[in-house]
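Comments concern the structure below.
Order as written gives the chain letters A, B, C, D, E and F; numbering starts at 1 within each chain.
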Amino acid sequence: MDASLISQGLDLLLYGMGTVFTFLTLLVGLTALMSRSVMYFSKEEPIEAEMSSHKIHSTLVEKRIVKVIQAAIDQHRGS
Amino acid sequence: MDASLISQGLDLLLYGMGTVFTFLTLLVGLTALMSRSVMYFSKEEPIEAEMSSHKIHSTLVEKRIVKVIQAAIDQHRGS
Amino acid sequence: MDASLISQGLDLLLYGMGTVFTFLTLLVGLTALMSRSVMYFSKEEPIEAEMSSHKIHSTLVEKRIVKVIQAAIDQHRGS
Amino acid sequence: MENLISLWASSGLAQIALGQAVMMLVGFVLLYLAISRGFEPLLLVPIGFGTVLANIPGAGFDAAPVYDALGHLESPGGLLYYIYHAGIETGLFPLIIFMGVGAMTDFGPLLANPKTLLLGAAAQVGIFTTVLGAVAMSHFGILDFSIRDAASIGIIGGADGPTAIFVTSKLSPDLLGAIAVAAYSYMALVPIIQPPIMKALTTDAERQIAMVQLRPVSKAERIVFPLTLLVLVAMLLPDAAPLLGMFCFGNLMRECGVVNRLSDTTQNALINVVTIFLGLGVGSKMSAEKFLNPETMGILALGAVAFCIGTASGVLMAKLMNLLSKDKVNPLIGAAGVSAVPMAARVANKVGLEANPHNFLLMHAMGPNVAGVIGSAVAAGVMINLVSGM
Amino acid sequence: MENLISLWASSGLAQIALGQAVMMLVGFVLLYLAISRGFEPLLLVPIGFGTVLANIPGAGFDAAPVYDALGHLESPGGLLYYIYHAGIETGLFPLIIFMGVGAMTDFGPLLANPKTLLLGAAAQVGIFTTVLGAVAMSHFGILDFSIRDAASIGIIGGADGPTAIFVTSKLSPDLLGAIAVAAYSYMALVPIIQPPIMKALTTDAERQIAMVQLRPVSKAERIVFPLTLLVLVAMLLPDAAPLLGMFCFGNLMRECGVVNRLSDTTQNALINVVTIFLGLGVGSKMSAEKFLNPETMGILALGAVAFCIGTASGVLMAKLMNLLSKDKVNPLIGAAGVSAVPMAARVANKVGLEANPHNFLLMHAMGPNVAGVIGSAVAAGVMINLVSGM
Amino acid sequence: MENLISLWASSGLAQIALGQAVMMLVGFVLLYLAISRGFEPLLLVPIGFGTVLANIPGAGFDAAPVYDALGHLESPGGLLYYIYHAGIETGLFPLIIFMGVGAMTDFGPLLANPKTLLLGAAAQVGIFTTVLGAVAMSHFGILDFSIRDAASIGIIGGADGPTAIFVTSKLSPDLLGAIAVAAYSYMALVPIIQPPIMKALTTDAERQIAMVQLRPVSKAERIVFPLTLLVLVAMLLPDAAPLLGMFCFGNLMRECGVVNRLSDTTQNALINVVTIFLGLGVGSKMSAEKFLNPETMGILALGAVAFCIGTASGVLMAKLMNLLSKDKVNPLIGAAGVSAVPMAARVANKVGLEANPHNFLLMHAMGPNVAGVIGSAVAAGVMINLVSGM
């Protein structure tokens, strides 16, 4: 029973790492393939920046800020 | 049984549309009545703008922004 | 049975208020003790202001605002 | 070696049935439509992903929990199982979404012109004629729909996702996947489905009708309206009270001005969380045996018909109103009565601008548009009431 | 024709009982008080609306789900049924609210002047004398309250909504509607109930007492305090540990400075969502048979008495402390010991300013104010402990 | 008098067992580590507090609800009971957290350099050698671990909290407290555990290797990647599909750009709420009989070993890759393969800067870092699959 415990552990090590490596190696290949296909099909330019709505939000905020500032500066200039 | 299915469908159409029209026609009347009573009882001026807290929030933000700008401009003027 | 209801009420009043006062009196003592120990162990300066993330957030926002303003003023000065 | 066989035996490749593969493909198509074509992405991204997850062989997303004789949990259920049974089977998720939609709805344009409620009523004709179409198909042996199925299919014509899900989960849960997908897909297709019908049924002169500017609406009216609607529902059609009650509650929170923090959370965190889980839960009903059958094709076809009839009825009702009243309405706004908020109102506006570039119908179309939400919730209530008694 | 009869028979008008109509009216009155009079709207809007929904005849908001013999769901329960049983019967919602309240509470003023804790203790006299009043009413045959009922009624005097709901749902769930409504209504009435009592029990000179500015409190003290309180509760009164434990947890998240994102969500999305559902769930207990009876009038009367006695005890305790100590406290801040955060502290400040326009008591009153929250949670714990053993 | 005895008898002081006192102390130590030492506070604050709450004698935080013969609730369960059974035993909370983590994960660096996935694979060696260590301890009679226990302990080496909780709650729920605490503690200790190993296994020249700047990654790639990963998981290892499926779902919501409001809520309100309750629920498993035994010491020791081996394997794998390929990678980024996002990547960056102050490795290390998340989820899947069949 105890020997079987050790052998179970060895099995886990063997099949576990085997699966992990197989899986991630396949994923490396698939990802490379995917990237190439995507680039082939879409001529879209790459985007490095964050795509999250955070950006959109802060852009909006900034636009408003800039507008407010413009108004303030105009007033300041006028005065 | 199948004929009854058709007749059930017809019943649904008849009573269903009847209810929908009755209900919404009553709602038209009630809404008009409600609006008139509300206007009669409250002499409050009508408000077209958004009432959501969004507005309140952005007003607060804008007040803060304006204050910051004022400070910045004052400093700028002073320097 | 009814008399027992009254006596249960009296018991609640007696033991209840007793517990509340005992508990909060102990808490007064423990709090004072705690404050003294904390002050003894930490030489940290006391902080009166809000510690909430609100502050942090608004500081960040303000920093951004100030930067934007600086840029605006620079541009304004340059023009 | 035994372990290798066990790993292989439990792999997806070894277990996958053709139906599952096709359904995963259906899921990816939904994701494609949502992401690349912009089809109601807030719902179709979760539904599409849920479809893929539910059809992964051996992943158990849809598995029921197993308890031993003493009631202890032996193996937990899958995520989608819990979502479906806690949120959709009980009706909780559609009701919470309706509360959120209420909190996002501005009844101002409707209050300024209440007779546009009738346009929202007319557009529900699509619902009931489609029911008739479904039972006719069954009668002629083309497809096999019960009266409960037919009622659920009809509600697609309401162009209101949560209403469709609420009714279907009560009347024919097995059709939930197909009906939800049809409802949201057609809502997304409103800009394609509606304009030809609108143009075919109106003259150029009608499309150019300019409407008078809407009167301002007071805060008090906005507060009293959801309560008025609630009382009317309570007195006349309690079966519509769950949907419309929560809708009115959300709207009251929005308008009353004293619980803004509750209203904000309802419109944001709460409705977003429930939308994600509602979509995933609907996806869990997208199994091959429930989706890949001729009935689904029938549902899709009938749903499209429902939309078309609803659109036409709204337009024709507007023309009828013009015959009977001096205040002319532009019949294009009748098409917005199907709901599909705010897409249908935008379509009315766009078609109107094509006829007269200075005639902005958007705000006028918002009235029938939100009336359509009320109309289809009323239709849902009467359907649940009558069908339950049949 | 049959269908028309069925529709009519299931309509609200055909089914409504007088009690339901009256309760719907009660719901609208609560909404009116919340929206137009500003009575604790965050709770009374959902409670009022929940009251209306729960009393719509035939809408089934409060219906239990029906299962067939095999355990499959035949018909789902109503929204309010699920909310009540999942969130209120289990005590989860009041506890989560307490966590949120903890995350919103600033113990700074209390830490700067810990002896104000005694004012928070004194104000709980209102709770226990009201218990005595309730059992006396029962003894003299005026109304019929058990000791469990009496304990729940007394806790109204704690001026703390979630505590009252937590205790009542454990001790006498049938009174939940009346007690929650009384608790929140009186909390809203603090600015009307308290000032006359405060003025009657203090001289003008006392009301003018200026208090020394509070010392600054270090971050470390703020972090250690909730843990100190937790240990004391754990050692002395575990029955108060659910409420105070969650309260301390929320406060620790607020003050520790390393989990701000958790603290923010607790203070916003989480507490808002739970507030909505707590209110609706309380509304579901507002049925005619449970609310429209003489006991409710007794509860309202006793609740008002509890508030008055609590206010008076706080003020008198402050005067007693002045007799025994050199550091004088302004007795007005004793009234803030009933909790009703932050309303009672503002009232103390306002009455103080009337006596001396340069004497700002707000921060000084925040100490007893938050002490009152602790005090009533302790009272709740001892009540649950003693009553369970009776 | 009787009442006084009852109060005393039910007080914590009268009831406390030594084990509970020690466990409360353990809870305070966790709070100290989280707050003062910055050990993964988002999880360890709730876990520590939950530990204290669960061990308050007589407070019943962990009590099961009691129903009478008719199924009515006689006494409700404790807060932690409900949290544990609804959210952790079912696996829901870890899965929702994984969805949130997915929505926060930027796969850009990984997509720019996909072979760093192999570093994420190599670091999982720590998991499986630790399993072997645990069964060896059992074999030699030092401690008593079943194969299920050993698998759960190994997963600590995955440096991924929700994965560890998900696996342990499925395989050996009794070890949940110890394993979760070990996992999060070691994740916090990454800056102390890893650098010596990294330096011992690399030459100064290797640490100075500069890597070419990462290519920009298109939006389309970012959208297709989670779907690619999902298909691979579905086909090869459905047991990993719950974790990786939800992870991919979150990431798709983030990247697809059309459901930003869902993605925002997932990254904020939703994950925060679930994190709080997950932590409290884990704390509920921190009872003396389950934590205060030699096995816990074994778990802590084995967990540390797992971390060290994982770090070493990652570094060695990077060196092996350099032998076989022209594009040299800095072996320091191999250490980031254990996950512990983003701490391990920062450590790699810091150690790299010590060797060459102009060589910024942070973005390069993010690739293996997120690969480590995938790697340990795959390891979790294969573990659940194999162990269930043993």
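Rule of thumb we're sticking to: a residue touches a chain if its C-beta (ideal position, glycine included) is under 8 Å from a C-beta of that chain, and two chains touch if they have at least 3 such contacts.
The structure displayed is predicted, hence computed values, not measured ones.
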item	value
Shared interface numbering between chain E and chain D [over half = same, under half = different]	different
Reference chain B; chain at largest CA-centroid distance	F
Whole-Å separation of chain centres (CA-atom averages), chain C against chain F	32
Chain centre separation (chain A, chain E; CA means) in Å	46
Cα-centroid distance, chain B relative to chain C, in whole angstrom	39
Of all residues in chain A, the ones touching two or more other chains	11, 15, 19, 65, 69, 73
Touching two or more other chains - residues of chain E	3, 7, 236-237, 257, 261, 264, 268-269, 382, 386
Chain B-facing residues of chain E, complex	3-4, 7
Touch list for chain F against partner chain A, complex	106, 108, 110-111, 114-115, 117-118, 120-121, 124-125, 127-129, 131-132, 134-136, 138-139, 146-147, 150-151, 154, 215-222, 224-225, 228-229, 232, 236-237, 254-255, 257, 260-261, 263-264, 371, 374-375, 378-379, 382-383, 386-387, 390
Interface residues, chain F side, partner chain E - complex	3, 6-7, 10-13, 15-16, 24, 28, 31, 34-35, 38, 41-42, 45-46, 49, 52-53, 56-61, 65, 73, 76-79, 82, 268-269, 272-273, 275-276, 280
Chain D-facing residues of chain A, complex	11, 14-15, 19
Parts of chain D lying in touch with chain E, wherever the complex brings them together	85, 89-92, 95, 170, 223, 227, 230-231, 233-239, 241-242, 245-246, 249, 252-253, 256-259, 261-262, 264-266, 268-270, 382, 385-386, 389
